[in-house]
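Read from first to last, the chains carry the letters A, B and C; within each, the first residue is number 1.
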Amino acid sequence: MSITQYNGSAIVAMTGKNCVVIGCDKRLGQQALTVDMNFEKVFRVKDKLYVGLPGLATDVQTLHDRIRYRVNMYDLEEERAIQPDNLAHMISNMLYQKRFGPYFCEPIIAGLTEKDEPYIMGMDLIGCLSSAPDFIVGGTASDNLYGMCEALWEPDLGPDDLFRSASQALLNAVDRDAMSGWGAVVHVITPEKTETYHLQGRQD
Amino acid sequence: MGLKPGEVSTGTTILAGKFKDCIIIGADSRTSMGTYIANRVTDKLTHVVDSIYCCRSGSAADTQAIAAIVKYELDVYATSHNERPTVKVAAKIFKRYLYENKSRLTAGIIVAGWDHQDGFSVYNLPVGGSIHEMNLALGGSGSLFIYGFCEEMYSPEMNREDGLKFIRTALKLAMSSDASSGGMIRTAIIDENGVQRDDVLGSDVKTY
Amino acid sequence: MVPANRRGFHFDNCKRNELLESKGSITAKFTKTGTTIVGLIYKDGVILGADTRATEGPIVADKNCEKLHRLTENMYCAGAGTAADTEYTTNMIASKLELHRLNTNRQPRVVTAASMLSQHLFQYQGHIGANLILGGYDINGPQLISVMPHGSTDKLPYMTLGSGMLAAMAVFETKWKPNMERDDAIALVTEAVSAGIFNDLGSGSNVDVVVITKDRTDYLRNHSKPNQRVPKQTSYKYPPGSVSVIRKEVRYHSNANQSPAAVVPEVVMSES
């Protein structure tokens, strides 16, 4: 078994018209044993900027701490809000520094830019950035999520449609993944507000 | 040979011989990555300084890096000692790198050439870091097939034409038996006046 | 706490990861550019070509990634192998070359870039998995140099690298000739990369091309798009009310006309 599958996770980010969503499952396991049913893997960085950290839970927490530290330092040094692409390169650099002893986590960034354009970015565990016009997925259910998203995503979805497409992609993907599930959290980011939905899911 | 996985190798035949009024060095032109030929027109006869050349065999990365370092060191030597380096000096610098890094390197090198002090000389530096002054030096995976031929046919009294024919025939024989040697036959004739380089196809060399 | 300003690679996690591996865990796979990259010299310059597929094991991680990396105005580098390594290695060399250009007040040379790349890769003894084709035009004319992960270099008039190198080389060995015209050369590069795209599973999607000549560089992103997806015949939108929501929170953004960062929890069942 790969170490990235030890705790189980599923994260999806999708772009829409002037909006993005990012969502995750809530399970934390030790292989087949479920330990926590409310372990969120998507974190708020700024009002319109979220980061999803699928992978090994210990590294998820360490990385989240380090990202928060670096973003706070950025705020103090630069005296301006960090933009999504800045954050992506910042995390990418943090990961590539550990090229020969990596964190087992493949971060996903979702947010709105200064001009309120949707931004999503994924990377592998050593910081190779990969952008996409439609969606980014990660975690143990990523293969399932690829399939769901390829079918459900379409251009210029509004926040409500996008929320439903992303949520259905996520819920249906984790239903066929033993390592992730136990409900989901989905953040719908629009220029005015971020709506956070806690979703009902299978509890097995 | 102790190559690392995926490493590019000059799985090679190299040859250098002392003759009556010149030195002739020769090599095949194949560079392989496993069974794939990464370069079929490789130049394994690398100029070091003045009339000193080296023939490279083993890991392409290792031998290229060492040749570049030694070339630099000999340039510094020439300026700081205010004298042209001899083949012996060049060979000993090569040997120092090969010996001190023997656990990390896969490099078999032949250093040959002409200098004012000692005239013609050929040094063989096989993997491991030893150094051997000899009349005729063979190296690389293909050399195993032609020891008998060379033993029988070589004489330091050969003239330039016979020497060139001998080197080319030897390389042709090695290339036909060794899968990791092939391509063209590259040669360089070194004497007091300079270097003359020639490339021919294996099929152009007549045997017997 | 690890100081954030430490430079170079960090090895803090190595012992832990070794332990995890010794206990039977498989360390995760990196994104590879399963790749076909090619390069050739033609009459007026040099052309590089690449496919645009990035893979993670059997999964296509990126359908339209960029494998042609800009080093300077007159030099580009096509990368295959571990995607992060090709990206970071070329970026680092690009910044070193720019500083070199500013210090010397001269256009950087292709051999300079090749030396920097091969010395860097040799230093890391093959652990940095970057297979590169470097192409550029300088005072010595058009040049094409390949750099392998262990640091060896080759100088050739045409070359291919990556998992699709055999398919692409088959095209070059059949059709390449010296002093080709620009359009013919671009077509040949496209054909070679296409051979990789269609015959090698690690390569796919589109063809990127860059043409470097004495006084201009043309980057032709997605020069050929032989794998366009057919439009969906129907929409798979879910109707409102199809997602079962336990709880909803709203956070208004500080720049909107709301109280800053107010979180308004709402308890709703089965909404949206």
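Just so we're on the same page, a residue touches a chain if its C-beta (ideal position, glycine included) is under 8 Å from a C-beta of that chain, and two chains touch if they have at least 3 such contacts.
Chain-to-protein mapping (UniProt): A, C = Proteasome subunit beta; B = proteasome endopeptidase complex.
Not measured: the values here are computed from a predicted model.
**Student:** Which chain has the mean of its C-alpha atoms lying nearest to the mean of all protein C-alpha atoms shown?
**Tutor:** Answer by centroid distance: C.
**Student:** With chain centres defined as mean CA positions, report which chain is farthest from subunit C.
**Tutor:** Most distant chain from subunit C: B.
**Student:** State the pair of chains with the top count of C-beta pairs in contact.
**Tutor:** The chain pair with the largest number of C-beta contacts is A-C.
**Student:** In angstrom, rounded to a whole number, how far apart do the mean CA points of subunit B and subunit C lie?
**Tutor:** Roughly 38 Å separates the two chain centres.
**Student:** Nearest whole angstrom, what separates the Cα centre of subunit A from the Cα centre of subunit B?
**Tutor:** The computed centroid separation for subunit A versus subunit B comes out at 57 Å.
**Student:** Could you grab the centroid distance between subunit A and subunit C? Build each centroid from C-alpha atoms only and quote it in angstrom.
**Tutor:** That pair's centroid distance is 23 Å.
**Student:** Any idea which subunit B residues touch subunit C in the complex?
**Tutor:** So the residues of subunit B in touch with subunit C come to 4, 6-8, 31, 36, 38-39, 41-42, 59-62, 64-65, 104.
**Student:** Where on subunit C does subunit A make contact in their complex?
**Tutor:** 2, 4, 6, 8-17, 20, 24-31, 54, 56, 59, 61-63, 65, 82-85, 87-88, 127-128, 232, 235-238, 240, 242-256, 258, 261, 272
**Student:** Touching subunit B in the complex: which residues of subunit C?
**Tutor:** It comes out as residues 118-119, 121-122, 125-126, 148-154, 156, 165-166.
**Student:** Contact residues on subunit A for subunit C in the complex?
**Tutor:** Listed in rising order, the residues of subunit A that touch subunit C are 1-4, 6, 47-48, 55, 66, 69-70, 73, 95-104, 106, 122, 124-132, 142-143, 146, 151-152, 154, 157, 160-161, 163-165, 167-168, 171, 183, 191-200.
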